[in-house]
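Okay, so chain A shows up in both of these, paired with chain B first and chain C after.
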Partner chain A sequence: MNRSFSWKTVILLSALAIFMIFYPKIVDSYFLHLTVATFLAMIMASSWDILARTGQVSVGQAGLFGVGAYTAALLYQRVHIPPVLGMLAGAILATVVAFFLGYLTLRLRGIYFAITTIAFAEALSVIWLMTPRITGGAMGVSTPPLFNGNREQAYYLILIILALVIFVVWLIESSRLNFAFTAIRENEEVANVMGINPTRYKVLAFLISAFFTGFAGGFYSHYNTYIIPYEVFGLGISIACLVMPIFGGLYTIAGPIIGTILIKAIEEYLRVTFSYGHQIAYGLILVVVVLFMPEGLLGLWKRKIFPLFKQPHRV
Partner chain B sequence: MTLLRVKDLSKHFGGLTAVQNVSFEIHRGEIVSLIGPNGAGKTTIFNLISGVYTPDSGGILLDNEDLVGRRPFEVCQKGIGRTFQIMQPFPHMTVLENVMTSGLFGRVPKISMRQAEEETKELCQLVGLGDKQKAFPKNLTVADQKRIEIARALAIKPKLLLLDEVMSGLTPTETGEAIKLVRRLRENGTTIFLIEHVMKVVMGISDRVIVLHHGEKIAEGTSTEVANDPKVIKAYLGEKVEESEK
Partner chain C sequence: MDWPSFFQSIANGILIAGLYAAVTLGLTLVLGVMGIVNFAHGEMVMLGAYSTFWLFSLLGIDPMLSIAMSGLILFFIGLPIYRFTIRPILKDPPLNQLLLTLGISIFLQNMAMMLWKTDSRSVITSYSGMSLHLEMVHIGLTRLITFMISVVLTVLLVFFLYKARLGRAMRAVSENNTASWLIGINVQKTYLLAFGVASGLAGASGALVSTIMYTFPMVGFKLSLKAFCILILGGLGNISGALFGSLILGLTESFVGTYVPEGSGWAEGISFILIMIILIIKPTGLAGTRRE
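Right, the complex of A and B next:
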């Protein structure tokens, strides 16, 4: 909850920004594609973590992702809305859906919200399959390649959105919202007696989370050019959203980012060597992290590894 | 002048009557104690006033404004601060952050982060946590954790402060300090309503004492009046042997 910026941070951030801007010139097209996929996952991981800060576990981010994806794709298919506007529309619609879902279920405490979110994503998937004339059904919807297949432009778009997400998380961390979110997570009853309206802040966190997840969905549909309900509403996406921040370290800016990089690296390696291996990896990582490193990689680094490099105090 | 007026308050949990037709008033600037044997309904009354429970019937008026049906955060913003009998600090927040949270959200109109931080620091000095602002609650003593509770309740600048057994579990020295603190708060204009088991404390600081037994108010008055009331003695010590055999 520290808001001061040191010169070191400013220089480091500027260097990172310049590197990111010239990044597409350095790497080849395939690696650029991997980077885009990784950034997309980072956006979803960070969005999930925003909601997790209020103590709510969403296992249905795929529902919001799918709403965003289909909104963008169908708007393009039916009325030829420009892709970026379609993504924005997807983000807004996901937020509206999250408002109704959150308003109804976030009053409940504990596991109910998590269960409802799973049901929500699954229900959407079924609805999509049953209404093929509106939604394209099991055949899915296809759109032409984003920016005529120009990967560099897609990279810059997703980079901007990622930067925006990180900025929003930073804003949350340095504002009074951080106090409200943390207080609700630690003890909702006490937070309530101290003047915090728990439902309001949980819904707010869910809305922010939904907006970016919806945008990610819209981007995915255009970037991938083809979506089907099984995939965009699938449990796989919901699980990915939560494994990455848990692995990296919850309730931090860097945690979801680091977690995503490592998981994507593992996933890519396994994809080449061992099909569907990444799903096993997700499971294993979840078990190991929950049992042995509840604060994720960041916590492990801060508590166990970092002290090893420090000069021992001389007595 | 009346600050809090509680009228015919009742609350049942299933078949159990926790509070039955309780009425009382608390005047501005008073220190009032609520006493009674275990299970008498003292904490239930606090939970009813602070909005954690909704009463089955009856009224709660703060400055003539009805509080029945308001949720806890609204009651807090109306100016009622409370502590919990079992200390419940936020474990992953420092002392400063614990207290600041309350200041940031319990105050109407809202105050800035900077102002909240400054006020919190002053408050920590006042309750005796001045040098422990960066500590985490789990590393503090029971007495210091109770200080967090009090500081959090005070951070909303309450008109009425509800203290639920803040002195229990403290050493005699710590109790002495806590009594001084309560007196100082009253001098600063806070009205205090407290639940207490330590009779020495009740007798020493209360302007008035309300006695609860089986959810009903059985006596009310100055500490001397209450201490000599036969109904109170009966509730606490039981009947005399000859009487009960009659």
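Right, the complex of A and C next:
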């Protein structure tokens, strides 16, 4: 992997950037709302994938998301801090929480870490419900609409953050971090022998992941104007964070993006059709991917469509 | 000291521990025999609770009688789940197994929401309100019956594993599946039946759950987490550990419920806090056995 761009990439990226900038002018308000929701999900999916690159599966991203969401909402409610600063504060607090959680639990192997992260999100949910004076409790917290309800501005904000996430993922992929993360994922003992401190890199990946997940939470609370513990700390958010990148294809830039677009489309369809249980698709997709397409959609694409040009290779 | 409330807490803790043990039995069996942490186990319990609820409210069958029926229904639901989803990933890395069973769990939760909405349902029988009064302690009749049935289920499982041919085969396979195959045990069939029995146990414990808790689509997930806490407390994959873990969790929740202000709400969080604390202090679980 190298950092130099070819002219073709530059032209494609600029075209995409221009399209994204004028995008709000060409779609209606409902579709713009869907796009904002999808971008938000992409941020969470890509953040989850950053941690997954070190071989750690978090099933508790909702914990970090909720910390970000509540920090932003409560700061606005108590001291009227500007929303964007509140989101930033949420992201920072989520990172701090992730530092302590990660430092203590990322020594744990796979399945123990996964169970601890679920316990973490659920524990926060209980704490939030039981301390209503500080947190608003089961009634939740509401804030006025973000940018006075101007969806275009919200769109640009989330677009910038998404671009930043993708840039960070690209930086990771094209730096030595990529080798460290991959080595830890493939074989932790060997990585350790080669002089890579697995816990340190895993914590680093977790911090990056937590920062953006926390920011996404802060954005969600202001954009949605209303949050309750059951939702922002709920299993649904943690599951969404992990199914989207797994569906698209792990350890890639495009995988989480493609996975998110498809899953959001399916979810929106189910949401309109059924009043309850529209996350059923997440469960089904998870089962199908693990059984039949472990490399996700991108893996299928590489294997089934391009086998003549390129042998599928594993990093 | 307020002795009545102290003894009452102990009694409540022990009674609820029986239910937790029943919920954890099947999870322990699958983990012990095939080394898989089945995230969908709680959802099997949830389906058992719903089947008991429907048998009760549509056909008027007493929940204590439908324990066997719920068990049988879930046994037959468990078989195809094993055959088509678990069996292909038996040799996969643990994280793939986790994601697969998590997927099944999410699927079943949402299926339950689609079919039965998110309402909390409860089974109220003619004897639901009755209770026994011993010296200082009140014991709900339903709770006492569920406790005794949990004990019976545990004893039956232990007898099955140590006396019955099939149960002994399960233990042999859990020790060493290649050697078991060499001496003529059909390993695949043993796995299949072990998963079926575990699902059946989940169904039976679901029947118990429906009588003393609300039945709703997420009830299984809540119980799964408690069961994980119990496994971590008691050591993975052995029944005595599961019983010990259930007792610790049941008593802790009960004491927090009694002595902490607004304790019943906080008690719900005990299992999560215990999971985190124990794994942070001792990454292999309290009893120290490790299965990957």
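The rule we apply is simple: the second predicted complex is superposed on the first by the 302 of 315 C-alpha atoms of A that agree within 3 Å, B and C clash if a C-alpha of one lies under 4 Å from a C-alpha of the other, contacts with A are read in each partner's own complex, and residues count from 1 in each chain.
By definition in this document, contacts are C-beta pairs under 8 Å (C-beta built on N, C-alpha and C of every residue); 3 or more make two chains touch, one makes a residue touch a chain.
From a predicted model like this one, the values you see are computed outputs, not experimental measurements.
A.B. asks: Looking at the overlay on chain A, is there a clash between chain B and chain C, or do the two fit?
C.D. replies: Partners fit side by side after overlay.
A.B. asks: Would you sort A:I239 into first (chain B), second (chain C), both or neither based on which partner it touches?
C.D. replies: In the superposed model, A:I239 contacts chain C only, not chain B.
A.B. asks: Please indicate which partner A:Y282 is in contact with in the superposed arrangement: first for chain B, second for chain C, both, or neither.
C.D. replies: second
A.B. asks: Of the two partner chains, chain B (first) and chain C (second), which one does A:N187 touch, if any: first, second, both, or neither?
C.D. replies: Touch status of A:N187: first partner only.
A.B. asks: Vertex at chain A, arms to chain B and chain C: angle between C-alpha centres to the nearest 10°?
C.D. replies: Rounded to the nearest ten degrees, it is 80.
A.B. asks: Which partner does A:R176 contact after superposing on A: first (chain B), second (chain C), both, neither?
C.D. replies: In the superposed model, A:R176 contacts chain B only, not chain C.
A.B. asks: As a test of reading the superposition: which chain, chain B or chain C, is in touch with more residues of chain A?
C.D. replies: C
A.B. asks: State whether A:G195 touches chain B only (first), chain C only (second), both chains, or neither.
C.D. replies: first
A.B. asks: Enter the shortest inter-chain Cα distance between chain B and chain C once the structures share a common frame, rounded to whole Å.
C.D. replies: Minimum over all C-alpha pairs: 14 Å.
A.B. asks: Can you name the residues of chain C that touch chain A in the complex?
C.D. replies: Residues of chain C touching chain A: 37, 85, 88-89, 92-96, 98-100, 102-115, 117-118, 217-218, 221, 225, 228-229, 232, 262, 265-266, 268-269, 271-273, 275-276, 279-280, 283, 292.
A.B. asks: Under the touch definition given earlier, write down the residues of chain A that touch chain B in their complex.
C.D. replies: Against chain B, chain A makes touches at 1, 175-176, 179-180, 182-183, 186-187, 189-198.
A.B. asks: Can you name the residues of chain A that touch chain C in the complex?
C.D. replies: Residues 55, 57, 59, 104-105, 107-112, 114-116, 118-120, 122-123, 126-127, 129-130, 235, 239, 242, 246, 274-280, 282-287, 290-291, 294 of chain A touch chain C in their complex.
A.B. asks: Which bits of chain B are touching chain A when the two form their complex?
C.D. replies: 50-52, 71-73, 76-77, 82, 84, 88, 90-93, 97, 100-102, 104-107, 113, 116, 152, 156
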